[in-house]
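Presented sequentially are two complexes of chain A, the first with chain B as partner and the second with chain C.
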Partner chain A sequence: MTATVEAPGQDRTRGRARIARVAQRQGALVILAVVVVAATFTFDSFGTAGNLENIALQASFLAVVALGMTFVIMSGGIDLSVGSVFALGGVLAAWGAGHGTWAAVLLPVVVCGAIGLVQGLVIARGGLPPFIVTLAGLLFARGLLLLISDEGATTYKVPPSSAFRELAQGSFLGIGYPVWIVAVAFSVGGLVLHRSSYGSTVLAIGGQEDAADLMGLPVLRTKVVTYTVSGVLAGFGGLLMASYTSSGVTVLGVGTELEVIAAVVLGGTLLTGGAGTVLGSLVGVLLLQVIRNVINQIGSLNSNWQAVISGTILLVVVTLQRWLATVQRE
Partner chain B sequence: MNRTTFPRTWRLVACSAAVLGAALAGCTNPGTSEQAAGTGGNSGDDGQVVKESTGEGCTLEEYGAEKIDLSQAVVGFSQSEPDTAAFRAAETKSIREAAKEAGVEELLVTNANNELPKQIADIQNMLNQGADFLIVAPVNSDGLDPALDAAKQRGVPVLTIDRKVTNTHCEDYLAFLGSDFYEQGKRAADAMNEATGGQAKVAILLGSSGNNVTEDRNSGFKDQVQAQYPGLEIVAEQTANFARDEGQAVAEQLLQSNPDITAIYAHNDEMALGAVTAVQAAGKQPGEDIKIVSIDGTRNAVQAIVDGQINAVIESNPRFGPLAFETARKFYAGEPIPENVIITDDEYNRDNAEENLGEAF
Partner chain C sequence: MLETRGVTKSFGGVHALRGVDFALTRGEIHALVGENGAGKSTLIKVLTGVHRPDSGTVRFDGAEVEFHRPADAQRAGISTIYQEVNLVPLLSVARNIFLGREPRTRLGLVDVAAMNRRAAELVGSLGVNVDVTADLGTLGLGVQQMVALARAVSVDSRVVIMDEPTSSLEAKEVGTLFDVARNLAARGVGLVFVSHRLDELWRLCDRVTVLRDGQRVHTGTLAELDRLGLIAHMLGREISEVARGGATEFGETHLREQEPVLAAEGLEVRNRLHGVGLTVRPGEVLGLGGLLGSGRSETVKAVYGALPVRSGSVRVAGRRVRPNSVPHALRAGVALLSEDRKAEGIIPDLSVRDNIALAVLPKVSRGGLVAEKRIDALVDTFLRRLRIKAASPAQKVRELSGGNQQKVLIARWLCTEPKVFLLDEPTRGIDVGAKAEVQALIDELAEQGLAVVLISSEMDELVEGADRIVVLHDGTVRDELSGDRRTSAALLEALAGVAETNEEGGDD
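Right after this comes the complex of A and B.
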């Protein structure tokens, strides 16, 4: 790479590296576009405004959680607690809605943020592996949920008069509020990643933590913030779901963490950290939702195909990522 | 990274792409949705018998739905749990066969894999595909509101089966078809009394907590024991989450800590089959030294009665198909449909298990 006279071969290598970078970032978008176009032409009811709005709305709950997960994975970590925290957030919100709209919004955000904060502190200060710490968080949050819901037997309902219902059931210009919230959240997320020192520190930690530390970057603080934000967003996703379903459903969120991780990786974020885009994660979530929708359109197809197809696409994307990474390095 | 790894990686990619391609190709092949899942003989003629109907009637007019001809209707069925469970498989199959029997234009089937958000999406999806009538096995009693609202907006009636929703009858949903789980518990107590001769120390394997099936099957059993059978003493109860492996593990622990247990009541067949193994492991004879009674009526459990390992099974009939379509037909004929349609469940015991084995699911 330090050669002063460029050989013609290097030019080609550089061109290939650029294509590789684009493919890694936009690969999921290409797959999404192909699937959407194909489905629109194949199924009459797929391309309808109602159906597309449904897909966007239903993807928005996971998308909120995936935004937090994107930063966690980019920093080289993982957050297994988000599924349980998502469910806990929903139950807290529904319970809080009985005591006013502010309680419904603040309670889950504060409690779930606190869970994220503790996880972040243990990971950053204690130097423990995120996998184990957030696994403990998964169990803790699920246990807490069962405690406050009488072992899951009590489902708190959002009162019919509560303004909290509007949050996810209302719409603006015919598009549900959750979709707008996701649009704003991801725009902010993109700015934070690319335009703030926090964002570059996250990427630096994910790239090489020791180097980031030696450069004097605030590694500990950044990690704590990242896990706290992940907790807040998971709780927020849960509260949106509670508003949408008008109840604090206790059976939610089992395995959701894996779905979110899959979406983030599909979106081009490297599981090893250090690279990725915020928008990619949104595409990843949409892709999973579209696949689910298409399988329903087929009707005769067993819904387990969803897992099979999602798994296959994930495998292809991860394989491609690996290959593209080697191309870029050359 | 050396260049020799490229071809191998490429091959992997190509291979995965081929798999994906095949899967997607399979997708673009619509129109087989009415095909029955299987042709196992006897399930068609084993529909449910209504035991009692409660609650106010709901007519087509009151519900605000439009009259349609079932033979030209698209019917959607939203299953709650994976068909790996025998109950769910039998339920889905029954709906498919009854739809064929009723001659509906198309039957859409979705499976929520136990996820509430997916069930909401599934239902909205089927509405988008033009479903005129919906049969829903709810994942959860609460939280289906967005899906039910969407159906209401389109004037599509929703019939819930096997689990009741907490929404408003005749406004959000048409009716509930299902078993009386409390009654099942009471009958299990009767069967336990029969099997033990009225004297036993009973351990209970509970289903998943926070579930009305578990609660009702438990309180029905206990209330009946308290009222009728003073000789049956309940010495232990532990949850085993409706799962066979957990049923086995919990039964093992209970038998160790309470060696004087002489009977086990399991809230479902899977846990009972786990208990059979646990009893054998403890060096005792299931069905003899330790009497076992459970609820469901799966083929494996009824076979275990024939083999002498389980004493009795109270049936929980999953074959909702014929009754569901009969209810739809009556509804569109203008008849009022009661809020709760409770079905009759059979019982398998040592006297009838062998001859009725074919009816188990």
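Right after this comes the complex of A and C.
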């Protein structure tokens, strides 16, 4: 590559900026590694294959949702509906399982995708703020869920004979299917974000929407697609959960949207959009899950500590990100 | 090649364009000038598909065209470079150049290696040396502007419209930009060039079209027109009338026998200022000259306490001001009109009245309640005194012209009853008529005993407006011009840092 136009004296600051940039994008990975290593030495039961596999499996449901959220935040938006949509997807899947495996898979994906599509259309065409539109989506999805489950009193069970259970309970090479699904989904997501024109457009919209528009990029279409995919993935996360628990639990997903947003931001995606990585979000989800697991290991600790610690870490990471961003700029 | 015939466009009953004919030919660089509100931006927006004309036609290559969106115009081969760079700062240079048209691998994925290679070739061919993998936002504005041009070149544009591309560039960058523009013209691209810096037009453009009040008043070659003639067309005044007042509206030298009211010494700001000092007396206008990056804005910000200084002192009326504290500077009587009025000053959706009142809210409030009547009286005074053209004090500031917005800001600071007024490029980006008014106003304020520090990139403004000119270079005072040496020639030499003047320079 050609030399830069800057004076040689700025090499050092450039080097610092590069380190700061890596730290900003991969900070969560560093924390994750430290926590995992520390926990492995502290708790005998943490580092076992069974426990690690359990963490990965538990994290996979949120990870699917976080993937969609990553694209939404990257585009400068926010999707508050995912928690409710996640729960709705689970209930629909459990209900559908009574009518066949295909119904269990297709029903939640189609319904949740449709919710995402409508949100995307209103946000893109109507120019309304995503916060409000997806807040409406949150209420709508939660209401729909309560309607079809007699205000949450009916918990649909996946029939014991249904092949649908296999989706989340089965495993390959000793690792549960959900983990494999997450691995594939994030690989595809990474390619889409960094190597497709859709991905570039998402980043451009998040970075400078006016510019993206003036460059003639398909801004509206990209937004619609992004929110639709977020809806589909939230629904899919829910259906995986239903398959795993063999039932459509109606009380799930309350506050999940916030947990997912936290994971994405922990992973280094700028909440203002325009920059970040898909892998970072996965790390963010894993970090939250590891913290939860560690707190469970300390049997005496109230499980609510998990939220307290996660919140603290989130605050520290965001503050660090801000600080690192100023270091980069200097 | 690209022309409009009888284009008319109005917004809510206000005619922005009335039957404008405009024609751009292959390979020419065509200047488009006019005061703010003359219709330049609207014409550009019609050409680029942002607006559609109410009547009249746009023709491209002899055929009538209708652009519904900016993307349509782009596809047809018309690119626009805006005043504020319209690219994505968080993406790399190469990504920005190829957004939407990335080279693909056989699998349909973006071919990053090819993209970077082609981007490097492209910017190289434009004579720009830059790491194409660097995030755009980490680069200077000049380089960003070049990247925007590179993008225009890469889409094989046949028409490139440049809307005030130089307003944030340094002299050297402007030179490179012009080279690139000429290069494009030689390849047969037609360029439309808009700039408030009139001097640039003669350096670059072949022909000029002047708009006034939404109408075309003149089209012709620039060589046949001198600066005065051009201004006369823009203002619609007689040439003799323009000449009488010089090129600016500044009056004669002011009184300055008193003790300095502002004395700054040895201001040090990391990487920016190295021991800058200056003094201003009441009733004096001190010009602060220097190229972009020389530390002009940093100096006034440091005086104002908005930029942390490592060392140095600021005294106002003999009393030392606590460093790095805007409230203390304000209380001591220092006001700063910052360069970027959009980002750092005006609140577009608030009324004229509320914008003016912001700075004095603490003064006119008692127990958290605002004395509305006192504000009304204050605002009325300033509207009259500064001749602010607003329908009423309740009108929203966004609806005012750039010049009047600037006056509203000046009024806001005057409310604080400053002793020292720091003005950072007060006339940038406002039209010729309003410029003259702002200049006359600065003059008037100085006559009334205010000490003024005036930063300007326009040499005329410094030479005619200031009593003394301090020239900065790389964060140090390089020269001070007063008396006989207060001429454009001397200023140019000082700015350019010509060897002869170096010996006597830096004598503060």
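The rule is short, and it goes like this: the second predicted complex is superposed on the first by the 321 of 330 C-alpha atoms of A that agree within 3 Å, B and C clash if a C-alpha of one lies under 4 Å from a C-alpha of the other, contacts with A are read in each partner's own complex, and residues count from 1 in each chain.
One rule holds for everything that comes next: a residue touches a chain if its C-beta (ideal position, glycine included) is under 8 Å from a C-beta of that chain, and two chains touch if they have at least 3 such contacts.
Bear in mind the structure is a predicted one, so any value in this text is a computation, not a measurement.
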Quiz item: Putting chain B and chain C on the same copy of chain A, do they fit or clash?
Solution: fit
Self-check item: chain B versus chain C, judged by how many residues of chain A each one touches
Solution: B
Exercise. Figure out whether A:61 sits in contact with chain B (first) or chain C (second), or with both, or with neither.
Key: first
Quiz item: If you stack the two complexes on chain A, which partner ends up touching A:304: first (chain B), second (chain C), both, or neither?
Solution: first
Quiz item: Of the two partner chains, chain B (first) and chain C (second), which one does A:101 touch, if any: first, second, both, or neither?
Solution: neither
Quiz item: In the superposed arrangement, does A:197 touch chain B (first), chain C (second), both or neither?
Solution: second
Practice problem: Examine A:217 and indicate which partner it touches, taking first as chain B and second as chain C; both and neither are also allowed. | Solution: second
Practice problem: Please indicate which partner A:208 is in contact with in the superposed arrangement: first for chain B, second for chain C, both, or neither. | Solution: second
Exercise. Would you sort A:171 into first (chain B), second (chain C), both or neither based on which partner it touches?
Key: neither
Quiz item: What is the value, to the nearest 10 degrees, of the angle subtended at the Cα centroid of chain A by the Cα centroids of chain B and chain C?
Solution: 130
Quiz item: Once superposed, minimum distance in angstrom between C-alpha atoms of chain B and those of chain C?
Solution: 6
Quiz item: Of all the chain A residues, which ones make contact with chain B and with chain C?
Solution: 329
Quiz item: Can you list the chain A residues touching chain B in their complex?
Solution: 38, 42-43, 45, 48, 50-51, 54, 58, 61, 146, 149-155, 157, 169, 241, 244-247, 249-252, 254, 289, 292-305, 308-309, 312-313, 315-316, 319-320, 322-323, 326, 329-330
Quiz prompt | Sites on chain C touched by chain A in the complex | solution = 69-71, 74-75, 80, 82, 86-91, 95, 99-100, 102, 108-110, 112, 116, 120, 123-124, 128-134, 138-140, 143, 151
Self-check item: chain B - residues contacting chain A, complex
Solution: 1, 5-6, 9-10, 12-13, 16-17, 19-20, 23-24, 26-33, 35, 82-83, 106, 108-118, 120-122, 124-126, 128-130, 139-146, 166, 209-211, 215
Self-check item: chain A - residues contacting chain C, complex
Solution: 1-5, 17, 191, 194-197, 199-201, 203-204, 206-208, 210-217, 270, 274-275, 328-329
